[in-house]
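Structures are listed in the sections that come next.
One chain, chain A, appears in both complexes that follow, with chain B as partner in the first and chain C in the second.
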Partner chain A sequence: MAEEKKVAAYICQGCGIGERLDTANLAKVAQKEGRVNLVREHAILCNAEGVKMIRDDIANEGVTHVAVVACSRRAKTEAFSFPEVALARANIREGVIWVRPDTDEARETTQEMADDYVRMVCAELKAMKLPAGNPDAGHSRTLLVVGGGVSGMTSALAASQAGYSVVLVEKTGQLGGWAANLHKRMPAHEPFKDPQDTGVSDMIEAIAAASDIKVYLNATVAQTSGAPGRFKVSIATESGATTEEDIGAIVQATGFSLYDASKLSDLGVGSSANVVDQAGLEKLAKAAAAANAPIRRPSDGAPVKNVVFVQCAGQRDASGTHLPYCSGHCCNTSIKQAMYFKDANPEIDTTVIFTDLRTPGNGEDFYRSAQRKEVTFTKGRVSRVEATGNTCKVNFHDLILDDQNASIADVDLVVLATGQVPNSGVNIDLPAEAGADEEGQKVVSILNLSYRQGKDLPQLKWGFTDSHFICFPYETRRTGIYACGPVRRPMDIVQAMEDATGATMKAIQAIENAALGRAAHPRAGDLSFPRVRIEGCTQCKRCTVECPFGAIDEDEKRYPVFNEGRCRRCGTCMGACPVRVISFENYSVDTVGQQIKAVDVPDEFSEKPRILLLACENDAYPALDMAALNRIQSSAFVRAVPVRCLGSVNTIWVTDALNSGYDGVMLMGCKHGDDYQCHFVKGSELATYRMSKIDDTLKQLGLEPERVATYEVAITDIERVPQLINDYAAKIEEIGLSPMKGF
Partner chain B sequence: MTEIVATNQTILVVGGGISGMTAALEAAECGKQVVLVEKEASLGGRVSQLYRYFPKLCHPTCGLEINLRRLKSNPRIRVVTLAEVTGLTGKAGDYTATVRVSPRYVNENCTACGACGDAVSSEVANTFNYSLNKSKAAYLPHAMAFPQRYVLDPSIIGTAEAEKAKAACKYDAVDLGMQEETLSLKVGAVVWATGWKPYDANRIQPYGYDRFANVITSVEFERLADPHGPTGGKLLRPSDGKEAKNVAFIQCAGSRDENHLRHCSRICCMASLKQTNYVREKGGENARSTVYYIDIRAIDRFEDFYQKVLADPQVKFVKSKVAKIVEDAKTGDVVLHGVDTEGYHRYANAHDLCVLAVGMEPSVKGMDIPAEIIADSSGFLEINSATAGVFGAGCATNALDVNRAVQGATAAALRAIQVVNRVARAEG
Partner chain C sequence: MSDLNAQAVAKYRTNFLKEVEERVEEGEWVKMCMQCGVCSGSCPLGPYWAHPPQEIFMMIRAGRRDEVLTSDSMWMCTSCYNCIVRCPRKLPITHIMHGLANYAHRLGLAPKNQPTRVFATLFWNNLIRTGRVNELKLSLALYFKDGFKQGIQNALNMQKTGLGLMKAKRLNPFELFSGHGCKDKKGIAAMLKKAREIEASRKHFAN
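Moving on, here comes the complex of A and B:
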């Protein structure tokens, strides 16, 4: 079928549009200026009849491009859903009549606003194509799980039970991870009174029994290349052989290491064999259970009669010496370990010294059970553990009695609740030559990604590879790769199993999306992808460096190589490109550029400024909509264009707008900094940076720096956003209209 | 009639809060058919009533916007609001769910233009704002309500007010003859994500929530701080509308207490620490917060958030379970009595406003839930089951923060997919 473009505009008269605006004029604008092939007005476009009219035109008239001139794109989305055609919306309800007063004086400027939005939508639509989907889709349905501990085994089993095959890579000679070293684990079910079996051996058996799980022991990932659906993973085994596997998506469950207890000499580590960490106690408890004997102190093998647990050992340290965070599980773990003693012999003295006891949820029942078993809990801060012969003295500040010199003597065993340190591989944000941790040990990469931006997952904080987003714990910065378990934040077994199941869900989803050439979260289902006119590329590398998702590599000739499956369709590359060779089919330098050009800019004597507002579609644009819902008025001189992310804003839009006589350009994006709210990581920050560089251009044009302004706004700013607009309009009035008009 | 196509490969998600929405979206974005049932008139649940999240202090509506966009563009999810599951029979891969749908009296023609709301004059309690203010009896549940459609309060049905609403609507959207319906859905697996409710503060007698205007709950405090809330985002105390500048937070109000909720509700410490930020944000340099606590449970990487608040000279911490509250009748101030257990000092501290960090009680507690769903003695649901195809998710299963609830909901989606994929394989 020939690709004939047929553009139709549909103008709604409902919700007061018909009363407030001359819709016949809007139709005229669409026809005469927008040059669309077909224009129709309808009293209530979103009702069944209106929607049917559009559908009929698509079916019978061959309409390929539909402009809906009605409410915000956020409203009636399901009614105006025509997946088979290119669609654009002009917002003349929330964007025009709801923010303007219904007065005779306002009528002219309100109509001009709506006329412009019609011009803009026609121009946008003509530059748009219906996206066809990623041509480089991959079809592997196998999941790679890196790490064979509880998290990794949970993931492998969960995927297998959903019907996906799994490759499981474990660096040691056996499955089980840390949990295999435990005597018992905390209870996961009511009554939350006693420690329970770890269940690790059952999991190992289930893995062995699953025919679709292939296990590599003593193995590491030597290289990962490709994209979701078509990863190529080389697995290196002890023998030196490497095997290549075709992989659809990856779960990284590489767990944690113990904090180095030798740094805790104040707490007796090194000076007494009877000071152990929690892992050390598990070993003693396992040995005791195997011998059916009481737990013995290491120094002389005498049965332990008095044990003290020191919470937050080398953790929650604000001084910067040790771990700053809390490892979450250790209070419950010490309770469990105290029970090892109390359950064997209630006469053994067990004391837990803590500052805040943290047993969330039903852990409280477990804590209560320990109190009933007569475990002593003391609120205090341990200052020093002194070793004398086979016993220790634990000195602490008793916070209840405010006694600085409290102590417990004749302690047989001191157990330090040390923290979890994530096994997250190379910190790609450090300079490449660093590559070593503070002890000078070479940090070994886990995934060995052949990505231009580095070998491993980006780390969030303190080495954890967690997601930055509260609502979206699996919003990863490397599409198709999901971390779970203690590598992403400190956690216990119950949480790790839940997390691993969730990560597996996302990995399977990535496999399904990759096969269909669709984007992953947050633009799930988007079929567009960046298209590059490579012959125009100057190899400046901005796109490869600035892509928040590491989607763009470089070829031997240093041209960018786009891995569409890794791309999240934010458009940061489009915003970065100084020669404007990157665009999407339905969102491009042209779709926005043409809208900007389509606006009718009145001459300098009109006293009607024009202000372009580029607004993030996730936060700023909804805030504008909600301000409109509350009928908060704002300037009639603003023309708003929603953008995928401020990171996608190419400076050409701004300079073109100023060149064509706009009086000002506002950019509204999300908060940046440590607690950034941009779902494309640094889009708003990049935009702020790029706009700061535009000053020189403004100077060359003889324009004031105020003509371009960038704002951080939040979705709740329903009063602030219209205020910013009005203040800016007032500012433009103050500095005067642009001298660039009419050139 | 509501028509829904569902088969034994369809996943039913019960509850349209962040956990239910997540489970539904994750499954649908994996190609599954989903029916999402919500008992309120719009989706979003409790998190949509929060002003900010800890620890980033970002806004829950930002995530809601993304989730709603995902939902609007996904034809595989069918949303049914004002609906409750009243029965579930069958077995994994072959359930029949009975769903009762209450009338909204407004149909899909609604454009949210607001004319019906302008036309009626009677008012009802605004439950989105925890009844701290009123809304018109024809109302949009909140600014981000999805479906974006008005609701007529049942109290005006049969009155002239309802007729006024109908007369005002130009789109034939007000349907006063709408009746309760019962749907029968065939589904393969069920995710039960009915969330939580704040513990009934009236039951904590010594704190006088039922007697003193200036004793409020933490969830109500969120509404005061929110620009969409009853005070437009100002911390105005209920008794006299005075701006609260000296605010007390009482932790474990109903939690960690065998007389009330045995469990620790996990979120309340972080929530109060977060809310001390609201006090400073709104009240400036003269604002003061005092947190009365047993243990500060800023678990795992939230510790630094606690350390930041700890270092704030405008926030004071008192390790104490507050014994009782009395009201100063003249000023309306609340006076907290108790003993500071660090050093054993008695105190009687006056505050403008006292916020009870109320516990999280699973919503299913006291509900008539199908026998397939196993709850423990606290009312929390099992997340997994060897044989059944019903899976708990989110705060219905445990006291969880948003991040963990969403993890669990994502996991529940996979468990449901495991069941329907087995059905698909069996059916070839």
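Moving on, here comes the complex of A and C:
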């Protein structure tokens, strides 16, 4: 690479740019104000000839920095791909001509807009460097799978088939997890009529046969440190010794425990031996199958003639006593278990009492099959199960006949469909000394991460591990660690297998990206990484606390230690840093700050306000592009700067903009809160919080609080986004131009 | 208790769903209901029924035999077929309603003065005699269903219509005495007998 910086600007005239704008003037701006070394115009820059022109300049003229003044950075990315030089794009198609009317009156402001974008791209480019990639890349191609149930085994087999070695850690003495305890499973194939073999033994055999899967039984993860590609994992084995493994990425498939049925005394648990949970029935069914005998009731061993299944036992409970959620699999499981009886002897009365029968997947066919087998389905809510000698009486509210006092007597066996409780480990959001559940039992950490931010994956809701639920379900907030199966959300075997396969694919991507020193999702392939000028650091800890991905640890002197491999390149640390010592090579306080300064702010008599729009590149900026594609017009006074995440917005940009005479600053980020859409989970929320604190600064500057506005937008807000811009421009007109101009 | 009813009770005891499945026309569909309630919501007469179809199906499963068979709900069905069209499980609900009504009638449990039942009985008895419906006799029988005095009253009320029909040659008063029938009355009687036998064996009425 050339030592010297040589900046070239290429101005496209295609797609109507040439007709609508004075490109010669744009070239002049780039030359005179942007001070670039080389400017070229081209009729259609993205065609082979245009691209060749740029390539030739890179090869022959030693161009190191390329400004493409054409369409949005989201368009023509394959044509304008020059990995060997620093590249910046000025968006004068979607950003200018497509959002402005083609009229004589509009011509002047439209040209000003384009001129500004040229100034901005030149300024940005000069502050940029070509990113070099993570120097601390890890090259381990081994996947650690924690948990040896169906999810874990599926993950291990998928990785092994894809050519990656696997370390599988299982805390019990055998593989198979819950599924190994099942008599049969719900059918996974056409015609979805009868329960089928669990297939667990086949999976265990396949794992034993795979030479690249190393299984640790009776083992736990004692410590996990490092980053994707170079995790160091100590495994505590049965003998008490620990073994060290080099790991590339981790899949956590720690599954679930059943909800504690002893909390359901109203449903007869404790008072009758003939009330069991679904796992209890599986045990009875297995024993019966082994003895080739009918299923017998526990109290006296008499064959079961009448069985009642109680759905939602201790689940979907609004009172707050039991689980608030639906575990998803239990209706199908009860249907399957009712078939254990009906398939053996059609004379056995089987009743499923449900409030809503939820049969995901192909469960509807399975449900119909059970109806054909004459399993009775009764819509009702069970109030009480009474023990009456060797039988039970199930009292329920019949919801169809609205009969409060409905009951089924002489029931030999009552099966409670209790829910799934995730095995998530320690809740890192609770204070450290807590670390125990409500019964005072010590919660054991699963991953034992040596991260500053806590030992396990963050939890999302109701104790389930983290997941970017709406957009990227496998992603957690710990890079290179993927949760799958019922630890992530309640699910059945089919879903768990699909989930495990997906998580494994993500883990493999993480391994590959880490080896190349690149970022993982959502900026997969990004070679930039945060650099810190440590001598300027004041040890305020904002970066370590706010990093949504736990990428930043602390050294013994309490300085931040960046783990590039764990970083997702969102820039939240950069936005947080009050002394602005954190930057990326191609994205920094300076690259954006210089763009803001480059804009020509007309004086207060011109009646031309300037509004800075900092738009999230994931959702807001695409929405702007699509609005432009639909030719929805918006104000000519707005200058849009895409940011990696609203979390990367440093308040200095906002104050600098206002100080230099901008009349308003708009921030557009993703939806936050419980159903967040932020690609970096916390970025938009943090930005909103930071901006809520900016009022004091505005007051000091003598400015109205309306001069900074934060919006939550979705990628689909194609009509709303230009409307927000126009409304804001009208608002600025109403409150008047900024008094800060000309200082 | 009629013999048929006593025999059914003895055979099925508490399992009314099984009884319906084996003995009621299209009764084997009842177990396939998923209790969504679309039938009840679609029924134009729904608000006037004591038990709309969804409830009837639930009562059958809950073993409420007497309540179902003595109910007049299924006699209220007008065969508009809205429920059949809309049922997501494709249950022939209209036919099940008629099947239940017919079964209740055969067991002697159907409400005695339910108008639909009375009319249907008159119609059937009228029809099987000659193989054709004698309209005059059917109308008159209907007039007199609530007693002699009410019958005369009804006839007088309808006098004008009757005369009009006669003038238009739409009503022959001599039908009252003999009336014309089909060509092969014996054949029809034999056919009906055979049909009854088939039904009895298929629906296990004999045992």
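The rule is simple: the second predicted complex is superposed on the first by the 735 of 743 C-alpha atoms of A that agree within 3 Å, B and C clash if a C-alpha of one lies under 4 Å from a C-alpha of the other, contacts with A are read in each partner's own complex, and residues count from 1 in each chain.
Criterion: contacts are C-beta pairs under 8 Å (C-beta built on N, C-alpha and C of every residue); 3 or more make two chains touch, one makes a residue touch a chain.
Since we're looking at a predicted model, the values are computed, not measured.
In the three-chain model built by superposing on chain A, chain B clashes with chain C. Contacts of A:Asp696 after superposition on the shared chain: neither chain B nor chain C is touched. Once the two complexes are laid over each other on the shared chain, residue contacts for A:Ile400 go to chain B and to chain C alike. Shared-chain residue A:Glu498: touches chain B; no touch with chain C.
In the superposition on chain A, A:Pro473 contacts chain B only, with no contact to chain C. Look at A:Phe377: by the touch rule set out above, it reaches chain C but stays clear of chain B. After overlaying the two complexes on the shared chain, residue contacts for A:Glu556 are found with neither chain B nor chain C. In the overlay built on the shared chain, the residue A:Glu535 is in contact with neither chain B nor chain C.
In the superposition on chain A, A:Glu734 makes contact with neither chain B nor chain C.
Number of chain A residues touched is higher for B, counting chain B against chain C. Using the contact criterion defined above for the overlaid structures, shared-chain residue A:Leu357 touches chain B and also reaches chain C. Mapped onto the common chain A, chain C and chain B collide along 39-47, the only clashing stretch among 3-11, 21-29 or 39-47. Shared interface residues of chain A, touching chain B in one complex and chain C in the other, are 357, 368, 379, 400-401.
Residues of chain A touching chain B in their complex: 14-16, 44, 46-47, 71, 74-78, 81, 158, 161-163, 189-190, 316, 318, 324-328, 354, 356-365, 368, 379, 399-402, 461-462, 464, 466, 468-474, 489-491, 495, 498-499, 501-506, 508-509, 512-513, 521-522, 524-525, 618-619, 622, 626, 629-630, 670-671, 675, 677, 679, 714-719. Taken in their complex, chain C has these residues touching chain A: 17-18, 31-32, 34-35, 54-55, 58-59, 61-62, 89. Contact residues on chain B toward chain A in their complex (touch as defined above): 18, 25-26, 29-31, 47, 51, 53, 55-67, 69-70, 72-75, 109, 111-113, 140, 143-144, 148, 170-171, 226-228, 232, 256, 262-264, 266, 295-304, 307, 319, 341-344, 376-378, 380, 382-383, 398-400, 402-404, 406-411, 413-415, 417-418, 421-422, 425. Of all residues in chain A, only 357, 367-368, 371-372, 374, 376-379, 398, 400-401, 406 touch chain C in the complex they form.
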